[in-house]
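Naming follows writing order (A, B and C), and every chain is counted from residue 1.
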Amino acid sequence: MRFATVAVAIARKDLMSEWRTRELVPALAQFVVLALVIANFGFQIDSHNASAIAPGVLWLALVFAGLIAFGRAFAAEREQATLEAMLMTGAQPAAIFAGKALAAGLLLVVCEAVLLPALGLLFGVDVSAGLVGAVLLATIGMAALGCLFAAMVAQLRARELLLPLLTLPLWIPFIVAGGQAVQSAMGGSGAFDQAVKLLLDFDILFVVLTSLAARFVLDD
Amino acid sequence: MTRYFYAAGGAVLLMLAAAGMIFFFAPEDALQREVQRIFYLHVSSAIAAYGCFAVVLLGGVVYLWKDSLVADRLARAAALVGVVLTTVTLVMGMLWAKPIWGTYWTWDARLTSTLVLWIIYAGYLLVRRLAAPGRQAARFAAVVGIFGFVDVPIVHFSVTWWRTQHPGPVVINDALPPEMLATFLFTMVCTLILAGVLIAIRYRIETLLDAKPVAAVVSAPTQTEPAR
Amino acid sequence: MSALVAERLSHWFGSDPALDSVDLLVDRGDHVAILGENGAGKTTLLRILATAIRPSSGKLEIMGLDALRERRRLRGRIGYVAHTPGLYPALTAAENLAFFCDLRGADRERVPEMLDLAGLSQVARKRASELSRGMQQRLAIARAVLHDPLLLILDEPDASLDAEGPELLVRVMKDRTTVLATHDQALATRLCQRTVVLRRGRVFGAGSRLRVVQ
């Protein structure tokens, strides 16, 4: 199926580029660790409040890392006029979008592989499989939305300002449900199962919507 | 242009009539006293704002589907009016909150989603500004408008699911005495009419802006047959 | 059936007119050069012909298909070289071509063939960022003919060509309908039998091997 071939080819290309240049992932990893360290000072973390504040810090770090990662996914294409070159091959814009979002999402996951253990270590919280699963689920929807608006914003001026403005309102449901899921997983009160179900519902809704919208954002 | 003048005048008169009703006809609220009178305009403008954004959604969908410039223009007009009305809603809400709860702001579902609504459509207007005028602006704005509209109830739901603090929906429970209900309904109708008139006026302005002279090429000779 | 029929193509960016009522007829096998100064509208015209953007108004028919409705299908038969090469700097020359092969659903065996055609076989394993501007341009041209297109659209292909460049152009244009934009009148007359001159978005003059007096 052409769609899958195109998407996979693009994802591979992006991951290969990142592997060769190693620009994004080290920067993201450093960023999230730094965010944790600063949170420690900013929130005056001690053994009592660490587990209460940890979920919030996790999402803050993830949101900012996500904005950077997804912003970069399309900024580079724009600079090299390669987005148009891809469209000119006659490939479906939705497939191009899927490939980009897949790659960017995976790069964010690599960053999460640093963030979560660091969080566990520095904040003394338990990083369970459930927690990891919830974060991964949220990453899917966030990647779809982040990449759609990154694609849009890459074609405009003032992109650093505009990307958070457009993306964050759409990420709120993920942060709310994800925050609840993480908090429950860390042993707080709350409905872990419900939160995860919500994340899944949001994922399905927004992956479908962004796929449909992709052709209006990428192509004329 | 005079019919717009009359329409605007009429809408203003209606709003004055509503104001009269709010201050002189509606009884004072037992618990919240005079401050409660803000509620009539606050809720009306919220509903009118949602109405505007529904028009933006519709305009966006029709534009993407049929390439209709009229739909895009309508969306533009409605978005601007909607943002103004949302600002009014937020400000009135804050003025109401301070005497009642002692604080200008709380992060409950309704306030949060109204703020998010404002941010989304401020973003919509910004995207329109920054995109290449014409098709790119219309395309992008339509996408933002559609996602924004879908997002607001979801945000509202998410935050509700999480916690809430807003006083119960006064209109829906029949605790509203008839005079208050009548006042509210009248104010809402007047506000909707005002919103409609504002959109119509803005639509006209957008039409005039769209029709700016195009391809006013000066001295190059015209070709008379296809270049061969 | 003509290769390309453009009727009253107009395009404006907001209220900024870029093209005004351009008519163009290109037969199969024609090589047409679009001449004009910077800002005359050459790039805009070419982008519309390549189906990269839709014109604000007008009709366009390419190889019998309505270019406004069948853009994706047409893109499979058009080769376009834009102003900037649009290559991936971190990928090698060969990988760049292979990637676009995958996107087009073309056979990867074309890659060494194309590299050879463009005289880039020696640098196949070099990253695109390490290639000279002239080589990058040649690579972009090779990419445009990977899928053996019926129509070739070149936006100022001479802009950063090196010594081997013009020969490559002749080779890819052979037996292929081509529309190219350039400043260079000498190149235009050398490669194309017809020229069309654009000025401020309008067709200023046209002819065969026209000697244009500006």
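Everything below uses one rule, namely that a residue touches a chain if its C-beta (ideal position, glycine included) is under 8 Å from a C-beta of that chain, and two chains touch if they have at least 3 such contacts.
Keep in mind that this is a model prediction, so the values were computed, not measured.
Peer 1: Can you tell me which chain is nearest the middle of the complex, judged by mean CA position?
Peer 2: Ranked by how close its C-alpha centre lies to the overall one, first comes A.
Peer 1: Could you see whether A-C or B-C has the larger number of C-beta contact pairs?
Peer 2: A-C
Peer 1: Taking each chain's centre as the mean of its C-alpha atoms, which one ends up farthest from the centre of subunit A?
Peer 2: Measuring from the centre of subunit A, the most distant chain centre belongs to C.
Peer 1: Round to the nearest whole Å and give the separation of the Cα centres of subunit A and subunit B.
Peer 2: 31
Peer 1: For subunit A versus subunit C, what separation do you get between their C-alpha means, in angstrom?
Peer 2: 37
Peer 1: Using CA atom averages as chain centres, what separation in Å is found between subunit B and subunit C?
Peer 2: Each chain reduced to its C-alpha mean, subunit B and subunit C end up 46 Å apart.
Peer 1: Going through subunit C residue by residue, note those that touch at least 2 other chains and give them in order.
Peer 2: 54
Peer 1: Taking each residue of subunit B in turn, which ones touch at least two of the other chains?
Peer 2: Residue numbers touching two or more other chains: 135.
Peer 1: Of all residues in subunit A, which are in touch with two or more distinct other chains?
Peer 2: Within subunit A, residues 220 contact more than one other chain.
Peer 1: Which residues of subunit C touch subunit B in their complex?
Peer 2: 7, 10, 12-15, 17, 20-21, 23-25, 54, 56, 194, 196, 199-204, 206
Peer 1: Of all residues in subunit B, which touch subunit A in the complex?
Peer 2: Touching subunit A from subunit B are residues 64, 116, 119-120, 122-123, 126-127, 130-131, 135-136, 139-140, 142-144, 146-148, 150-151, 154-155, 157-159, 161-162.
Peer 1: Residue numbers of subunit C touching subunit A in their complex, please.
Peer 2: 50-54, 72-76, 78, 80, 82-91, 95, 99-100, 102-105, 127, 143
Peer 1: Would you mind writing out the residues of subunit A in touch with subunit C in their complex?
Peer 2: Subunit A reaches subunit C through residues 2, 5-6, 9-10, 13, 16-17, 20-21, 80-82, 84-92, 220.
Peer 1: Tell me, which parts of subunit A touch subunit B in their complex?
Peer 2: Its residues touching subunit B are 145, 148, 152, 155-158, 162, 165-166, 168-170, 172-173, 176-177, 180, 198, 202, 205, 209, 213, 216-217, 220.
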